[in-house]
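Each structure below is given as structure tokens.
Shared chain: chain A. Partners: chain B in the first complex, chain C in the second.
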Partner chain A sequence: MSETITEEYSVTGGDFSRAGYASSQIKKILKRMDVDKAIIKRTVVAAYEGEVNIVAHAWSGKIEFQMDEEQIRIILDDEGPGIEDIEKAMQEGYSTATSAIREMGFGAGMGLPNMKKNADHMHIESEPGKGTKVEIRMERMVRE
Partner chain B sequence: MTAAEMVNKLDLQVFSGEKGLDREISGGYMSDLLSDVMGNADEGQVWITLQTHKNVMAIASLKELAAVILVNGHKPDDDTAAQSNEEDIPLLGTSMSAFDITGKLYELIYK
Partner chain C sequence: MKVKEIIRILDARLLCGEDQLDYTVEMAFASDLMSDVLTQNNDHVLLITGLANMQTIRTAEMSDINCIVFARNKKATPEMVELAEESDIVLIECRYSLFKTCGLLYQAGVKPIF
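== the complex of A and B ==
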């Protein structure tokens, strides 16, 4: 018996008033399914940062959520400017966010590092001028 | 200490989220960088900030923070207050600076 849950959320670039909506829906599912609390906390941080990156840096995107007994997978797939140098983007403090976005307290360059820290696996693919796809995976087996 | 007790002792203004005033406070976090709060604040903490926009409440809710205190007399945007009511997370205010209110809250919690 293995139940798989899948959901999909669309995200609009530049719409900060809805930033975090998909992540809060994902959190609700994780709570309802009684996922380990520490795993929920880490998943929420990673999902939110990924969602905000679509809002802040891309034009539009979708977030796919998949969960079975073993894993949680979140795929953040956007159409946008893409990332020229992924290694550089992963560095703490590196950000191309506009000053308007920084004034809101976003754009600290901590989003991708936060995702890396909190996810069990993270993979980024990007095509400059087209878009970015970030996949994060969490193992549901409680860490020793 | 509950959020309500903190409001009394620190003479805070209550903008919204009154239903959450019975939340228990476990500590505090002071930052205006949203990713910093996302990555480092923890459940039950009070978030001290000068950011007044709606994303503050999205983060407070995702992190299950106990309350938010706006410093330097800042007022919340209307949709920020509305979301605080929906989430039952108190949105509070003070005319004090972040430094002063953090010091006072620290003393209340740890002394």
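== the complex of A and C ==
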């Protein structure tokens, strides 16, 4: 039972019709592996927020999924404008979203804060003009 | 409240989920902002919205929402219906405003999430 599952999905900037595909695939894997329901929901909500961020802000990106018995790791790595001020981006309500993003039901400045709320650990690195890398980790042990 | 009662009370149209007419929701949340929907963490919530696009269905899928009512006569596209069917999500179209839709369901006993 020392199985490690890894998957990689590519994400295209601006392609809202497909936004959520990677998160949906991740949800299917987690369900198949019988992961705790509450953990699945927190994981896929965080993944989906991150996936929407790539579609909304970046030019292209990839989502790496890794899971073993103890942890689930999702790395969202994009080529895009990056984040000038990560601290500011983490504040609820701060947004640089365009009207196209708002029409899709997003862009309220809640994505990154909601990812942080749902993930057990989250780490962001960004280089303005180059891209952003967000790593989220979930412990598979059920929270008491 | 069962799906079939929601349809009756709202004089609404079922788009998919014929096999889930007895699925029961206790609480509802109304929003056009999917970011807000993604922050709620209740189970078996009915989503009432005027936002009809693929992200509405994806948001429901990620949030474990099994039933969506599209208010103010918003229409779901065939792609949305297909995606909802894949995830066993019931879709309902209703011509009433978001306010009236919520009012009727609240009056009939559906609870708010907060």
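Criterion: the second predicted complex is superposed on the first by the 143 of 144 C-alpha atoms of A that agree within 3 Å, B and C clash if a C-alpha of one lies under 4 Å from a C-alpha of the other, contacts with A are read in each partner's own complex, and residues count from 1 in each chain.
Keep this in mind: contacts are C-beta pairs under 8 Å (C-beta built on N, C-alpha and C of every residue); 3 or more make two chains touch, one makes a residue touch a chain.
Source: prediction; values computed, not measured.
Novice: Mind working out whether A:Ser17 is in touch with chain B, chain C, both or neither, as first, second, both or neither?
Specialist: both
Novice: Scan A:Gly93 for contacts with chain B and chain C and give back first, second, both or neither.
Specialist: neither
Novice: Considering only the touch criterion stated at the top, classify A:Gly129 as touching first (chain B), second (chain C), both, or neither.
Specialist: So A:Gly129 meets neither chain B nor chain C here.
Novice: Need the overlap of the two footprints on chain A, from chain B and from chain C, as residue ranges.
Specialist: On chain A, the overlap between the chain B and chain C contacts is residues 16-17, 19-20, 23-24, 27, 41, 44-45, 48-49, 52, 104-106, 108, 110-111, 114, 117.
Novice: Which of the residues in chain A come into contact with chain C in the complex?
Specialist: Residue positions touching the partner: 16-17, 19-20, 23-24, 27, 37, 41, 44-45, 47-49, 52, 104-108, 110-111, 114, 117.
Novice: In their shared complex, at which residues does chain C touch chain A?
Specialist: Those residues of chain C that touch chain A are 32-39, 41, 51, 53-56, 58-59, 61-64, 79, 87.
Novice: Using the touch definition from the top, list the residues of chain B that touch chain A in their complex.
Specialist: By the definition above, chain B touches chain A via 32-36, 38-39, 43, 49, 51, 53-55, 58-59, 61-63, 79.
Novice: So in the complex, which bits of chain A are touching chain B?
Specialist: Going through chain A, the ones touching chain B are 16-17, 19-21, 23-24, 27, 41, 44-45, 48-49, 52, 104-106, 108-111, 114, 117-118.
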